[in-house]
Structure formats: C-alpha cells, structure tokens
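See the structures that follow.
Paired with chain B in one complex and with chain C in the other, chain A is shared by the two complexes that follow.
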Partner chain A sequence: MVVYTWDFSVIFTYKEAILKGTLITLELTFFSIILGSILGMRLCLMKLSKNPILKYPAIAFIEVFQDLPLLILLIWLFYALPPLFGIHISAFLTALIGLSLNLGAFSAEIFRAGIISIPKGQRESSIALGLSKYQTMKDIILPQAKRVIIPPLTGRYIETIKLTSLASVIAVDELLHSGQNLISVSYRPLEVYTIIALLYLAIIVPLTLMLKKLEKSK
Partner chain B sequence: MKKDYVVMTISVIAIIIALFALFRAPTGVAPIEKSTFDNILEKDEIMVCYMTWPPSVIKDPNTGKLSGFMIDIFEEVAKDADLKVKYTESTWGGFPADLNTGKCDAAIAGIYPTIGRSTSVSFTKPFFYAGNSGVVKAGETRFKTIEDLNKNGVKIAVIQGEYGHIYSQKYLPKAQLVVLEKGSDNTAPLVAASSGQADAGLIMSDVVSEYVKLHPEVKDLFAEQPYSTTPIAWATRQNDQELLNFLNNGIDYLKSVGFLDATAKKHSPAGWYGLKQEYVVLS
Partner chain C sequence: MKTIIRLEKLSKEYSENKVLNDIDLDVKKGEIISVIGPSGAGKTTLLRCISMLDSMNEGNLIIDEKNIVTKDSEEKDIKELRDKIGVVFQDFHLWPHKTVLENVIYAPINVKKKNKNQAVKKAKEILNKVGLSNKAEEYPESLSGGQKQRVAIARTLAMEPEIVLFDEITSALDPELIGGILKVIKRLAKEGMTMLVVTHHMRFASEISDKVVFLDCGRVVEEGTPQVIFKNPKEKRTKEFLKSIIEKKQEINVYEGYEDFQAYHIGLLKRVKENCVGYVMGAVGDRWFECMGNFYKEYEKIMKEKKITWKWVSYRIEEFEKNVLKSLDNQLQISLIPKKFATPSNYNIWEDTIILQTFGDPPAIIEIRNKHLVKGYHNYFKLLWDIGKKIK
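On to the complex of A and B.
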C-alpha cells in the first residue's frame, strides 16, 4: 500500500490562483466557442456553395485543421508566426486562435451534416414560395437541422473546454498552468491535480446536463 | 472520387506553399540594423523570459508577482544600467524558441548550459552550481549511493532533458527510466517515487529538499552531498555578443561586491554552490 501524505490546506492558501486559472479557462472556452462556431458556420456555407472559389478552400481548410493535432498547432502558431510573418501575439490570443481554428474545422462538418440531412425538396419548395436563400436557411432549414446539429456540437464544445488545458504548453495561465505554478511553490502535486480534476468536473458536468436538457427540448 | 482528388490536391498545394514560405523566410529574428543591446539601450528596457523554479524564480500563485534570487540578481544588473525589465513567462522546452523569435532578449532561471543547447542559444558564464539529488521511499534500504540505482529492475523517474535524465542515460544504463514531460511541475519525478510509480526520482537538490519536508513517505537520498553539481547560467540569442558581454560583466561585478552570495543566502537554496574568489600573493 502506497502511503502519501495528503494536505489540502495549500488550496485554501492559494484559492485566488485557482480561481484566476478557472476564470481564464472559462474565458478561453467562451471566446473559442463563439469564434469557432462563427468560423464553422462560414466554412460550412462555403463548402455547400457551388462556387469553386469558396468551396475548395473551405474543403482544404477543414481537412488541414481537422488533421493537425491541436498541441502541434498551438506550438507552431506561438513559435513559427514571429519569424515567418513578424507577427507577435500573446500566448492567450495564440491559444484562442488555435482552439477556434480547431473547433471551426470540426463544427463546419457538424453544421453541414445537419443542413444536408434536410430533404432537398423543402429548399426547393421554399424558393418556389418566394423565400430568399437567406430566409430559407434561417426559417426553414436551420430550425429543423438543429436536431441533428446540437448533440455532436455540444460534444465538441465540451471537448473544447478540455482542450484549453493544452494552452499550458505556451504558458497561458489557465487552470492547469496555474496549478503547475502552484505545485512549484507548494510541493503538493497530487492535491493540486485532484482539485484541478474536480474543477473540470464542476464545470463540465452541469454544462453537459444543461445541454442534454436543451437537446431533449428541441 | 473526383472530389477527393481535388481536396487532396488543394491540401498538398497548401502544404507545399507553407513549406516554401518556411524555407524562404529568414530564420531566427528578422534582420535588424541595430544590435539587440542597442535596442535595449534605446528603449531603456530589456525583455526577459523566465521559467518558474523556486527558489531561483518564484511566481506568486495568487498575485503573479515574481521573486527569487535570480530575479533579484537580474534586477540589480538592470538597475545599475537604468533599464526596466519586462518579464514574460516561458517554458523549459520553449525558451530557446522564445529567444530566437524575439519574444525576449534573455532567459533566466536555473538554466543548465549543455553542449546541445549551446548550438541554438548562448549562455553567460556560470555563476552558481546547483546540486542534484533524488528521493526514494523512506523505508528503502537498497540504495545508498547513486551507483546503487544502476540495477536491472530499478525504475528511476526523471524530467525530459533535465540533468537527472542526461545523467541517468549516461551513467545508469541498467536502470529503467520513467521519462516525464518537462512542464512547469518540477515535482513530477518526486511524486512518481511517492506514489510508487518509480523506485527513485531525480531532480535538483533545492526541489528535493523542500519536497521531503512535506512528504515523510520519501527521503532525500543525497541530503548530505549531491550526487553531482551542474553549472547555472542565463541565456541569450546566439549572435547577441554585446548583450552577453553586458550580462557577464554584471555577473562579475555583483560577484565581486558580494551581492551574488548575499542574495543566494537570503533565499537559502539547498544544494546550491557559489564560486569562491581565491587570492594569492604575486610576489
């Protein structure tokens, strides 16, 4: 039996650090979801377009950012952009861009699957009734496509929360990185990692339940 | 099928363009007319990357305020030259890239200059030597010396690229290494020993000394004498000779007035050694 001396008092001493890390994780998640979803919808519409100038760049973009591991993407963006293009961006912004590109690529396919699941006849009927393409998409297609889109999309959003921990490799002060800094001062690794795990659960479990409820109501 | 070919073609073209851009682009920082040190003097500001490693660099988890003897020493060098210091947090794996991409002018922490690292960054002269130690279970009687760890079936936890890793690869070939990623968590090899994932965990003496105070389940195997010592220095970009000279002169000056020893003593890092100035009569 392995004996480890547990002492959680350090967490109370450094509760501000844990809180700050949690807030940065939430902030990173929130903005990544907003930007990633907007990007995903744009990419989806570009991919569905018949115009090859829109369609093929979207296909290539989705393919590249779905295939690239996010960890590699974050490191590449953070270290390769300055020498290649002279762009210096903060670690937080790099993480936000990386997470949004990743979510955008995956959500584009989710949106597309939802939209093409609606029979073509409905679109043709709407156009025949005099609705514009925008009205058809907004009032006819998307409300029905939601049922197909929401379950996998919520899964991706929850995955995005978990992926924010990768931002620790470029020293973004999110939950994991704050925790690691706390460990280097407190020498209490297992206590800190336990609290980090519980905090991720505290964020994700209610969100999952809420999204499941939302799924059922649709 | 046709669509797949189009997608593949576009993807391949995109990758080729990216690679072309990569190899055409100048490597390292963009060419500048003035030296890094000229720019520092012009702006009265030096950009410094740091890696947290108490007690040399401590980042207060609550406030983010920096302290530690490396910070004190660097601040003293900057103060005497009327320079402001702009700090950016870096990582152990990423600081050479941070230097070479211009994110900072110098990197500070307990950095160990290796031959491999010297191919991508320059180092100041070493101004401390840090002891290396390790932990084993408190009741463990098999291990007394570092050589005792060099046995088949003995698991040693080390951090990738850290001295314990380099040493174990070279001098403990029979042991099985548990190589952990070099994040910001400097206790990783020690907790591996605490939790029974490894028989021993190797890291610098200062970390071991603090860890064993809080974790009676393990003991410092080299509490009396580190099994080896490693030189500690700061890093700059490879071609920044003026900045390197400036930092070296600063280190020499602070050593001569006793500031280095006094600052280190204030923070009392376990297993750290200063360089003693010896004088002899010339005639």
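On to the complex of A and C.
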C-alpha cells in the first residue's frame, strides 16, 4: 500500500484565496436566495391568478427552469447573453441570474403548495369582511401557510448553497473555483479538495441542524 | 321602511345547471327572513350571490335602494358594498393564527380604518354581547364549536353591517351547543338587526322570522309569515317538505327472521363509512354467529375491505367465540367488564344508528336512527369500555 503524505501547508499559504472563495460562495447564496424568493413569490401568485396572461407564462417558466439542468443553464447564459442580447455582465452576475431563476422556479411551487393548503373558507371569510386581496394574502393566508412553506423552502435554500459550486464552470471565484486555482499552482488536489469539502460541510451542517430543530418545534 | 336588499329576477348557473331561477326577494330594514328548503335547493348559493362571493348570471341585486349589482359589475365597485353585508358561515372560518380579539378587530382597523382603541372597545362590547368576554385573548383552537361560531358572529358584527346573512350556522355543531347560538341571534333580532337566515331549524325559524321563504330547485315556491308557512302552507311541495322534516327526526324499523337479520347486517356494513368503528355491547353468545350463517364470510370480507372495526364490551366470552375472534384478527377489540355492569341484552351502535338484537328463533333487529340517542349511548359505551379489562 502506498502511504500518502498529507501536506496541508499549501492551505495556510493561500488561506486568503480560500477565505475569499468562501465569502463569494456565501454572497452568491445570499443574493440568489433573496432574488430567487422574490421571483418565486411573483411566479406563484401569477400561477394562482385566474388571468391567463399571467397564469400560463408562469406555468411555462416554472416548468422550464425546474427541468433545465442548472449547469447547462449557467453555461448557456454565460455564452449566450453577450452575443444574443448584447449584455456584458460579470460571471458572478451571470451565476446569480442562473441560480435565482432556478430557485425561483422551485420556490414558486413551494409557495403555491403552502397557499393552496389553506382552506378556501379562510379567503372567503376575509373577502366577505371587505379585506383587499393584498390584505388577505399578507395577513390571513401567508401567516398560516408559513408552517407548510418553511420546511421545504429552507431545504431548497440549502440546496442552493450546494448549487453555487456549479458557478465554478463559468469561472466565478467561489469556493470550488478558488480551490481549483489553488491546485493548479500547488499540485495538491487531495488536500485542497478535502478542505473545500469540509468548508461546504461547515456551512451546510449547522443550517441543516437548525432546520431539523425548526421542524421539530412546529 | 328602507329596502336593504332587493333581488330582481336573480339567476345563477353552475355549468349549465340552473341553481337559482328568477328569484325576487325584498329585505326591508329590521326584517328577519328565514330561508328554508331541502338540501340542493340553492339556499347557500342564494346567500353567496347576495354576499357577492359568487356572481349571478342574470338579474339585479340592489343594495340600499341605490347600488345596483349585476353580472357585469366590477370587483372594485363591489368591494365598497361588501362591508354593508356581513356573512356568518357554517364552518366559522375564523383565522386560527389570530386571537379572538384580533379576529374581531382586524377588519374594523384595516378595512374601516378605525383607530385601535376604538376598535378594541367596540370588540369587547360585542364579545360581551355574545357571552365571550373572558375568551378575548385565546386562540380559536381552544374554543368549542359553539364558541367559535359566536366569535364568527362577533367578527361580522364588528363591521357594523346593515344586514347579516347566516348560512346554516348551527349545522356543524353538536345539538347541545346550538342553544347558545340561537340565543345570540334572538338577541340581535330584538335589537332590530336586519337578518337573512338560512336554517333547517324549523322551530327557530318560526320563532324569530317576520317572513319565511321556502326555496326548492332554485325557485321561491312559497313565502309568507311563519304562521302561514308552517301552519297553513298553500303549496303541495311546501307541505311535503315540512312533513319530511318532522318524520326525519327519528326512524324506527324492525327486521324479523334469519333472512332479514343477515341482509340487515350486510347492508349496514355496506352503508357505513370506511374505517367506521362499530360499538357492540352486552351478551352475544354464539347465537349471533349462528344467525348470520353462511353470510358471516361475506360480512367478514366487507369488514376487511372497508377497514371496519368492532369495539365490543362483554362480560363473558365462550370458547367458540374466542376462536372466531382470533380469526377476525385486527378487526376487533374487546373489553371484558365486571359482571355487575352486565347489560341485559345486546345493542350495537354504528354511526347514527342504534341496533337492538334479540336472538330468539327467529332472531330480530330493532333499528333506531336518532342522533341524540346515539350520542348518549356512545358516552355510556366509553364508560364501560374504560371500566373493562381490554383483551385482544
């Protein structure tokens, strides 16, 4: 058996690069979650609308971005935006758009499931008392739907953290990509990938535990 | 007297099915009108059209003599009219994430833009009126059905509507809880509140109403004072309906002989819902199995298919019965009670039905359908069940 000699010194030498990668991963996650959730809520309300002009585009949108592999979407956006639409944006923004579209499509369905789980009578009694549609949604339906929405939504957010690693293929300097850069100068893939894996776990495990606690406390 | 609601030739269809057909109705200020009729007559649809939760297909709804609502009315115009009309639903539809007080003050604050102190003061007055001033800080789930319904009434009254529509508000409640609700409505009647009440409590309708409207198949068949409608109806259909209501209260049937005995038991299993629990009490002996004869196999099959269970309280079990019980596997639980509680004969409770059985030759069944009795017997059974030593 070959005995592998671990050498983690490379990590310490380039700790700033790794730290920066971690920060970019977190930033990308944070903004994707915010944009994706806003988009998801919009899409959900559109899909629930009776107006076909709103409803059918939303259905198509959700279907497409749920079914399209994120990796393909990212690569496509990266290569298609500049020549087709004349949009020149950073790789980070491209990744942010791709991740938000993906999360938007998935979270739309989560929001919708939560909203339709609330009995029709809740909406009707609100309307009968003269509440506007907005008041009904904000103060009556959503507070109740929260219990149904939060567990799967948090799960989806955690999934989004994992998906940020795909941004490495379009050269976003997030955790995985900065690791790969590091490997090309240090030739120490095993150490670097080990540390990267551990860092992903360090971000995700506490969140998962929190989620489990949240579900139990319900 | 001002006319608060006027319906002119109101019609409503659901997928080409005429649910309401040319309804004309006037509700004047301070009037109390009861709408009665068999299920499917369109009573609830009528209420939903008046409260503008559903739109009509034809005709006009005139509110306060000047606001005309038609099928083409726009949502934003309707919205302004909604707070004139209060609705209390059969299933309460309270908001479970808000306390009783929050349920009552939400609409006055957010729709009528009242300030909070005023709204709270008013809400407390109303809760006091419906007898729930001590429940203001509780959440709906901790209340009984009757209390929930009274909160729902309070929530509607807090918007100070010109008319309140009640949609069979007692039918989701146990009989002993209904009294409180009816009392609240009577009190409102005394205060001069205009009300349209859909109900199947005939006595209540006759006590409070100024006018009774009998609806059948989407049409107003007859309307008049309670004296006329209940004592002296002109239409044949009204007479038939009132007669059927009186008869429905209780049904007693007797089935005699082996064939009827067997057919009755099979039919009963077919009639009850899935996962039904039948309560069997008293001495059975092996005569029951004998009387069922070959039909026992079919009986067992239906039980398994519909996942029906027995709970059986007895004070003795024969060896033969033990064997049969074993073959029944999961479908049966049994509790042995001390002999001093022994019941003199055998009776069963299946949903709304009480069955008394005699095992003479031929055997007989007396069937009683009466909700109130069933409830009492359920309580008695539970007591025996708890006293007994459960075996499986």
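Note that the second predicted complex is superposed on the first by the 209 of 218 C-alpha atoms of A that agree within 3 Å, B and C clash if a C-alpha of one lies under 4 Å from a C-alpha of the other, contacts with A are read in each partner's own complex, and residues count from 1 in each chain.
The working rule: contacts are C-beta pairs under 8 Å (C-beta built on N, C-alpha and C of every residue); 3 or more make two chains touch, one makes a residue touch a chain.
The structure presented is a predicted model; accordingly, all values stated were derived computationally and were not measured.
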Checklist entry - Clash or fit: what happens to chain B and chain C when chain A is overlaid? => result fit
Checklist entry - Which holds for A:H88: it touches chain B only (first), chain C only (second), both, or neither? => result first
Checklist entry - Who does A:I140 touch here: chain B (first), chain C (second), both, or neither? => result second
Checklist entry - Regarding the shared-chain residue A:Y14, is it in contact with chain B (first), chain C (second), both, or neither? => result first
Item to check | chain B versus chain C as contact partner of A:I127, first or second or both or neither | outcome: second
Checklist entry - On chain A, which partner's contacts cover more residues, chain B's or chain C's? => result B
Checklist entry - Should A:G155 be classified as contacting the first partner (chain B), the second (chain C), both, or neither? => result neither
Checklist entry - Which of the two partners, first being chain B and second being chain C, lies in contact with A:E63: first, second, both, or neither? => result first
Checklist entry - In the superposed model, how near does chain B get to chain C, counting Cα atoms only, in Å? => result 17
Item to check | Residues of chain A touching chain C in the complex | outcome: 119, 121-122, 124-132, 135, 139-140, 143-144
Item to check | Residues on chain C engaged by chain A in the complex (per definition of touch) | outcome: 51, 53, 79, 82-83, 85-87, 89, 91, 93-97, 106-107, 110-112, 152, 155-156, 159
Next on the checklist: Using the touch definition from the top, list the residues of chain A that touch chain B in their complex.
Outcome noted: 2-5, 7, 14, 16-17, 20, 56-57, 59-60, 63-64, 75, 78-80, 82-84, 86, 88, 91, 168-171, 173, 177-178, 180-190
Next on the checklist: So in the complex, the part of chain B that touches chain A is made up of which residues?
Outcome noted: 3, 6-7, 10-11, 14-15, 21-22, 25-30, 52-54, 58-64, 89-91, 93-94, 97-98, 100-103, 183-188, 191, 194-196, 207, 210-211, 213-217
